[in-house]
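All remarks here apply to the structure that follows.
Chain naming follows the written order as A, B, C, D, E and F, and within any one chain the residues start at number 1.
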């Protein structure tokens, strides 16, 4: 069994300053890196002889409109099936420069996950083979999961908003 | 006119009409359908001559199988677009020459042969039936029959060879 | 808009159909009512309940409706079961347009009828915004019994509909209000 | 015909026509639209297939036809209302989604759920898994032309629904669990029904198996169709039965046991080459394994409460609300969604009907999640579809599609 | 790739000669379907036979009256908050003198509307109600609508009729997780 | 020709026509009921008593459904398609002998549309034309799914016709006639165990399989399989044109059943026909007795037809369908060689002092091989641990 400590030490040794903010909420190793390192880091973890973190569980993003220069956070969850070890990697991006390299060269499944993230948040994955909207209509002109956009369909007629709690 | 003659002339008329349609129709599908109609009428003629077996086989083989394949191919190829390549004068000339020669040959043949007529006295109602046909084929016409079958076999093998395309194979 | 959907009979007039015509109407109405071939436009949960309606326990076949026709040309009633997103809306409309008259529409479940809990930017808030709906079925998803109720309701409509209704001005107006034709 | 109309027609799965008539060339590629209204896509996604005759050369999918913005809604709803969303995600096996979500929240809130509640959850989740696999395998039968087996299975599914009804009063979107336990304890009637189901179901399942499993027509249709190697499957993020069919015995229930799954004995069925037959057989066997689990759980059902002792998160009994001021306050706080949720982030995965169903929850201490992301197995593995049906025929494409068990609600979120 | 020791190979793609010959399997299948041909049918002919919906089915909403026939609802609004579909809306009013026989508490819902097409019948309102005023009947569905205007149910359709009191048939089953068995509270 | 004979003949022809239609109509109802019963359902029961009016409701609806001709379709061919399908379907029942003969004024009038000495070929010819209805309709619809359906139908019909023809050659060798009536009568003479199904078991299986394919019934219903091709060749058809297509399918099924019964199950022959017919003529007199015996024979024939119609449905609701290439493989690589083998074995048997049961040899060998392989091979199914 791998321990969080062990993996964290190894990563720090390899990437030194490029990784930071190590944490383990509910036992899941979490750390932050930057967009220059992320692909090489994922590749390193995938090909690591001992860790074999070779399963990309998930890619998603989070919008923090209130934290300047760290408005967007792209979160990768990876998993080593052999070691049964999970890791969460975060990359913070600024509103002005929403670019991050794509992971499609490493994992085939990254394709749609990145398209979804682009569709919902507008994060641009550089080098993605087909970065189009996936869930929403192509004509949509905003990124609906960003906090500033409303959830509701503006055309609903049968709702009275004056009521409790809304 | 006897009723049978009326039937004959009507049938012949339809045959000719549909045969002409085969040639003139611009849409290949219509052309094929007209050809099927032609085969039907021909089968009708066979029946008039009491050759029931031939009539049935004509329908089964030609109308039922070969024309289906024709139709099949045409549907696949989508020849519906009516942009026929314009024929050059040379081809037109060649067509006229070939057609003319064929006509001359036919006329000569018709002049040479004695058209058989029905002799009511010794007419055998079973002439066109399958037994007679079989006996004829396997006795008097054995050689042509076998030759034809060899020819068909060769054609079939050839078709298989042509149709078989494998990577790196030489095409014949 | 919704009130337009009310199924109005042709206005009675002195040159209206005679007795024979009306009884003929009734017979054809009866035939139609008992032979409603559904086109299940099933997208989500309600689609599973529609399958349950087709299956042994509820057996929509009893109403003569088990012959599901996925070709819109052959269908008599469009069962929209499940959420219709805005991306899907034109497809629903297209399918409706391709159906041959007479056609009925059932909106099965909260999502198809009104959007249900999905009051979101991507979900159409009820298919009656794009096509006229004859019967709404509440529930999320409705029980198969309720779907059968809806089928019976459509049978009722089909039975009582005059043969001329689909050519009437009112019907054309209704379609025009959905900018159809 | 304008391009828009053409496009619409394409989308409707209805005959795209061009002015030149049907485009069918022997050596040229045909584009065929499967969906969104094609019967085999069950109305939810579109596959544009490039075909050479009946052979598929390449394909591209369009999804999002029932995108419902679950994640956005989740940011506006208190924790307990999100259950209604998860129910509608994989509607074939909603209790799994439902309880997966509750376990995620419990993990965040630090609630320890009593053993009995965990066992009840296991029973419900395994019933849901059976229901899910029944639909998938039944539909596979339908798509190969054998409708009857599907109807037999659906009748059994009705019996599972009956158990749900006994538990919560709904059939499909059950809304069964609660944060901190179950809504209701297993009633005597429910236990009786479960036992009856356990006794009667295997007969029907065996009947279904002998209708299809070793029938050569059926086997020919699915053996060797849509195979995928373990490496590609992992790269495509396959999980669940589809990954196991490729020969990787990854099962969240065994690797990261939750809700007392470590107490039960069951096997992980695996296939050989990840083709449709393997997927079918793996699902088929999983039904048997689920039956084993349910049997163990129902026989060893521990005594105790069916909800955790966490009054600030679990609704107090109604008579308490009347008498007890504290209970009344809790009641109002819980219903208003103003429970004290800690700040933090949780990832919790359960073995859904289709694979690893993950919930990534970020809480900022407010009444609703700050961000909730669902790892939907369907969404991730469905991207492999064009690769899997390359070189197959149109009929194969359809059985591959149904054997992958793509559930629209899960696919599009 | 083997990760655990619990895996088990389940698919066998080799066919025996008998299986390759199609007919044995088909005959077996024919036998099964023929058996079912003569078996008892599972169908419950719906409008003629009403299905048992379970003891806690979530059907038509009802606003309960108490033993003396007074409306229980106090228009606190918890149900509206708890409703994920936001289908419930209400207007509260103060009870005036002389209305004590009508309303149990000082406040009552002058208007109480549920949009039946929005409602997803999740039962959260029933659970949220601190006064046990709203219930989802276990014995009745909401009927289908053919007009969009009928779908908003007001108090006229929701409040239970005094001659048609709603009682759960099975007193042993809890209606909500925490309810003290409704049948006892009804006279 | 005598006028009475003409009238009786016309009545018979009309009756055959009418009965074909009636049976086809009610086949739709029976199909729905059979499907329902096999699936533990009860099927249509609300249109009339036991849903008996269901087919009439369907027909009534279809007549008054909007008739739709797609804008891009080629109009005449679009109409021609269903008409052809219906025409060929109805034509084929003409040569089926439905019964022995009606004795009337010293005339024996066979209960048959028309007796020709190439009846078998006639049926083959007409059946082979049936595919035109599908092809023309599918092509004219101008829809990819329809076209695919049409193409599938065409290739399927051509392929299976060959095996269909080859499979009955052994019967033709035994009977020495192409007349359906002659074949039936020959079986009647040979008695119950002389029915061709007992002399030609393999031929029967091949013929039955091909008959399924020619009727486009499951497991060979690829031209219209709805999970792949929506509606197949009739995707674009609505109203009664669709009705004609569906109808033609059921008429084909009826004719196939009749043909199978005549060729392999002794047609209107039934066990102890001779004795019963003799007893009847003795007790009721030559004319009435003969006619009653004919009626019983006809009833027996219809019984056989109904069984086969039921069998068609029974199979449909049991087995999955083939894939296109597998269907071709089955036709060309299995059924045709098998039927050739059957011809060779049967012919050898016939040459070898007229043994009619030679075909059993193949069946027995195959069965023995199958049993041996089954017992030797590991158990087919990895039997899961059942608790």
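Quick note on the criterion: a residue touches a chain if its C-beta (ideal position, glycine included) is under 8 Å from a C-beta of that chain, and two chains touch if they have at least 3 such contacts.
Keep in mind the model is a prediction, meaning the values are calculated, not measured.
Q: Have a look at C-F versus A-E and report the one with more C-beta pairs in contact.
A: C-F
Q: Comparing centres built from CA atoms, which chain ends up most distant from chain A?
A: B
Q: Please identify which chain has its centre, taken as the mean of its CA atoms, farthest from the centre of chain C.
A: Farthest chain from chain C, going by C-alpha centroids: B.
Q: Where the centres are mean C-alpha positions, what is the separation of chain B from chain D, in Å?
A: That gives a centre separation of 62 Å.
Q: Starting from the mean Cα coordinates of chain B and chain E, work out the distance between those two points in Å.
A: 73
Q: Distance from the CA centroid of chain D to that of chain E, rounded to the nearest Å?
A: Here chain D and chain E have centroids separated by 23 Å.
Q: If you average the CA atoms of chain A and of chain C, how many Å lie between those two points?
A: Chain centroid spacing, chain A to chain C, equals 44 Å.
Q: Can you list every residue of chain F that touches 2 or more other chains, as numbers and ranges?
A: Correct list: 35, 38-42, 45, 139, 147, 226, 230, 235-236, 317-319, 380-381, 384.
Q: Would you mind listing the residues of chain B that make contact with two or more other chains?
A: Residues 75-76 of chain B each touch two or more of the other chains.
Q: Where in chain E do residues touch two or more of the other chains?
A: 1, 3, 8-11, 15, 19, 21, 26, 29, 32-33, 36, 41-43, 45, 53, 81, 84-86, 115, 118, 120-122
Q: Residue numbers of chain D touching chain A in their complex, please.
A: Per the stated touch rule, the residues are 63-64, 67, 69, 71-73, 75-76, 107-108, 232, 234-237, 248, 250, 255-256, 336, 344-347, 349, 356, 358, 360, 362, 370-371, 373, 375, 379-384, 412-413.
Q: If you look only at chain A, which of its residues touch chain D in the complex?
A: Contact set of chain A toward chain D: 25-26, 28, 30, 54-58, 60, 62-63, 75, 77, 81, 84, 86, 88, 107-109, 111-113, 116, 120, 133-137, 144-145, 151, 165.
Q: Which of the residues in chain C end up touching chain F in this complex?
A: Chain C reaches chain F through residues 27-28, 30-35, 55-56, 59, 61-64, 66-67, 69-71, 73-74, 76, 100-102, 163, 166.
Q: Once bound in the complex, which stretches of chain E touch chain C?
A: Its residues touching chain C are 41-47, 51, 53, 84-86, 115-122, 141-149, 151.
Q: Where on chain F does chain D make contact in their complex?
A: Touch residues, chain F against chain D: 35, 38-41, 70, 72, 139, 141-148, 218-219, 221-222, 225-228, 230, 235-236, 317-326, 380-381, 384-387.
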